[in-house]
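I'd like to ask some things about the structure below.
Labels run A, B and C following the written order; every chain starts at residue 1.
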Amino acid sequence: MATEILMPKLGLTMTDGTIGEWNKDVGDFVKKGETLFTVETDKLTTDVEAESDGVLLRIDVPAGETVSCKTVIGWIGAYGESLSETDDKTPVSGQALLSKSAVIDTIQSKKAYDRTTGEYVLATPYAKKIAKEKGYDLMSVPGTGYNGVVVSKDVLNFKPLKAAPDSRSDISVKASPLSEKVAAELEIDLKDIKASHGRILAEDLLRYIAETHEKTSSYEPVREEIKPMSSMRKAIARNMLASVQTSPTVTFNLSVDMTEMKHYREQLKRVDINVSYTDLIVKFVAKALSEFPLLNCSVEDNKIIYKKYINVGVAVALENGLLVPNIADADKKSLPVISSEIKELAKLAREGKLPPEKLKGGTFTITNLGMYGIESFSPIINQPEVAIMGVNTIEDKVVVRNGEICIRPIMNLSLTADHRVVDGSLAAQFLHRVKNLLETPALILA
Amino acid sequence: MRKISFSEATREAMAEEMEKYPEVFVMGEDIARQGGIFGQFKGLPDEFPGRVIDTPISETFIVGGGVGAALAGTRPVVDMHFADFIGVAMDEVFNQMAKVRYMFGGQAKIPLVLRAPDGLAGGGAAQHSQSVESWFIHIPGIQVVAPSNPYDAKMVLKAAIESDDPVLYFENKVLYKEYAEVPEKEDEVPYQIGKARIEREGKDITIVSYSIGMKNARAAADRLLNDGIQAEIIDLITLSPWDKETVISSVKKTHRLCLVSECVKQGGALAEVAATVAEEALEYLDAPILRYGAPFTPIPFAPTLEKLYRVYPDDLVKGIKGVFQGTI
Amino acid sequence: MTVTISKDQAIKFYETMCTIRCFEESVKRDFLNGDIPGFVHLYIGEEAIGTGICAALRTTDYIESTHRGHGHCIAKGADINKMMAEVFGKRDGLCKGKGGSMHIADFSVGMLGANGVVGGGYNLATGAALANKTILKNDKVSVVFFGDGASNRGTFHEAANVAAVWKLPVIFVNEMNCWASTTPYRTTTSVEDISDRAIGYGMPRVIVDGQNVFEVYDAACDAVERARRGEGPTFIEAKTYRIEGHFVGDPEKYRKKEETLQIFNDTDPLKLFKDQCPDGIDFTQEELDMILTIARAKVQAAKEFAVSCDYPDESEFYKDVYVD
């Protein structure tokens, strides 16, 4: 009995989701707990595991399509099971079934492969013909047909140990079934192994592996390696590319004298309020945003959507990527609240437990590379926002104050703004307002 | 295009050939006054007086007389009433009709058509329901045809009448009532005896059939599409001498073969196809040959038993899927 | 005797009978020598029947013959060289060597073939008669020869009924030679005169002395006339005796050789011919001997021709299964 696969509801506020990718093809055997597909909600990509063993019978919603939660997106059932007429929106491609059935059949009829030397190999005439043409020894081809008969697809899917140039010499290698099997799995050519007792036994194989291990591992460094992107990497790649293609951006840089802010932070420390510069910047930027609605909007079809809320996103670097959870209503929250929220979100993000709704609804993003000593960069807007502010390192610099040379902690801000709505002068005014606030922390109360 | 029944199609073929060749005549039991028990001769006696002849119940004369009439230079069509009765005239079929030309060194031509309504018709039981074509494909000198649709029925019958060699024309009793498109005379494409037709192309398995068996082949092929299996259907049309090339080249493409007919499976007409493919294209086969036919029993009368005698599309679908799932 | 006969006709009768006799003797010799394959059935002693019947027919009329058919074939006018070549299985035989003694035919003279199946010819002859009368609308006549044994086949009854009910131009010629293979007719046949069976089908019948060519001819002429007039079939029963065994080499354990020889001595149509000649036709023994000698020479030539011919080429093997 086939069971339906539903678009999961991964959080309270999640209403729909996009299939990131199907990790299995129709006809594939799926084990309970294996990742079946990924769901993308904004920047979060979640792996969804299969809830039961079976064969992926049909995919109703292909990768890239968005459907509401609890929508049927596919079917899992027994091998060979067909879905009833009423379910037949998109019938399973029999070819897909066939091409995959070899895998399942191999699982089911593993025995067929455990042949003893000299055993007559059951194979269809056509399989024999192809095997002969390809120079394969049928002894080593697993059979997936009835009774373990080797059929043509087994030969076609078969990967010989080596290119099998001389089938005659292959035949002359005598080996125990176990050593043959292990050698096949490790892709070791049995011809290279010396038999200690007339035919190659498992112990010969193990000795060979031990002897050749160092040689083989130090040989020929891998110059290129191809690995598939993780789901998160794919999401980042997709989102960044989409952003660049959506927004014509200009990046503005402005130095901020952080002398007062350093004092302010130390004063807070003294009363046991430990906040980071990021926390502070979030708080002050939120205030600036409340004064510059065009920096807190989004653009859609020649319309500007002004947000009456200020949700400041903070980019959190992870081992394999980054996530941007946001502090909702940052302008209305106290600094300690903002601080603890940021800590909690970063922790959840690193643990991969970030609730999807925390990634939604941001209106402006702050990305801090200061800890890496970066002095200036041009961040890419986190769509559908219209601006992102890069925070750089704080560095003591020689500056002129009131006609005198002095040394001050200076930080560079890099604001990337979407020129569709944010013109240069507006960006400059906003950036100056942020500078103004950061240099005169008391203004936060004004 | 106009739609006519199989029975009407054979009647048209007769009328057109009788019009074209004055030496064509037809004889058999109950064909003139009654018009044939399936109506396949209706109206012909009026159109062609003296050339549609009711015979006594004398099958040896019907066939042997047909052979003699052919020797005298006519093109007789003789009707067997029910294919089951050919046995009564077996000597005339296989010792006279089939051999006269060869054993006399080509002196004789036997342009004779033996029409034989066959197949299960519901309750005909053991002596009125048989499909006996396989008896005759064993006999050199006879051509055996069994069309599956009205258009073929017409064109194959015309080809049979125009052939200078004897033809056994099996016409299925159930198919008589089937309607299908048949072109007007001027748009007809003549049939060449001995040619099979690929009715539907496919790449996964070749289903070979003929006559009523084609219904099973078509239904099964339709359903297999749901599983992504594209069956190639070959309508053999002529069972002897049969179109080996078409079948073998199809098997070389699909690597699988399924045979279905209504006749008894053991020694059935398609057993020859199976054997030939095994002989000449074995190395192209990637699965056992599937063969569907009637069980090895006389045909029972009771509907509950007769039901068991039939082949159903389900049988083919199950078997063919089994091949692809490695269970057969 | 209702039909007048010329001496030329009588010579022809005798010549034909002699040719048949010599042909059969020659075949017997060559078969026993192992030069002829298969098996042969001889017409010795029955020559007057085939001769008398066929003399009443035109070349375009048809005969259906039997396994004991050499006599019918010669009487109908087949070329004896080609006949002999066929009996030897040679390429130049009437049937290209594919038929042999039992399946000999010469369509060019209306000999539609011997039939290896006893009783196989009735329906063919009757069907040909049907075609000629109702479809082709000519006046051709068909004759079917058959023995007393063959009269027990069901095919006789189906054909006889059809021929009679549709008044078809077909003549049933029964060579009542008393033996069905190894079985005497009295043990297997319900009537003393086979032609009694014609009565059941409303068919006129006549019983003639099968050893008297003139009597046979006379009856045949009557039957042919009737047939051509559209009055339907006739059954001619010609009483004769099978002198040879069923086939050459038959040990004939079922009868006494002396008895057969005695019957042959008493009824040999060649011996009786001189005395059977109608009034006004006389032959000297020298005349008859000369006819026989010429016949023997012709048969000898036919045998030499047959021996000189090649066997069929292997390329002939698949030919004529079908027309194309």
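Observations, loosely collected:
What we mean here is this: a contact is a pair of C-beta atoms (placed from the backbone, for glycine too) under 8 Å apart; a residue touches a chain by one contact, two chains touch by 3 or more.
Bear in mind that the values here come from a model prediction, so they are computed numbers and not experimental data.
Comparing each chain's Cα centroid with the centroid of every protein Cα atom identifies chain B as the most central. With centres defined by CA atoms alone, the chain at the far end from subunit B is A.
Counted by C-beta pairs in contact, the busier of A-B and B-C is B-C. In whole angstrom, the spacing between the mean C-alpha positions of subunit A and subunit C is 101. Distance from the subunit A centre to the subunit B centre is 64 Å, each centre being the mean of its Cα atoms.
One finds 40 Å separating the Cα centroids of subunit B and subunit C. Across the complex, subunit C is touched by residues 22-23, 25, 50-51, 53, 55-56, 58-61, 63-74, 76, 91-92, 95-96, 100-109, 140-141, 143, 163-165, 241 of subunit B.
Residues of subunit B touching subunit A in their complex: 204, 224, 226-229, 255, 282-287, 321-322, 324-328. Within the complex formed with subunit B, the residues of subunit C that make contact are 62, 64, 93-99, 103, 105-107, 112-113, 115-117, 120, 122-132, 134-136, 140, 142, 154-155, 158-159, 161-162, 165, 319-324. Put simply, subunit A touches subunit B in their complex at residues 79-80, 82, 88, 91-98, 101, 105, 109, 124-129, 144-146, 151-152.
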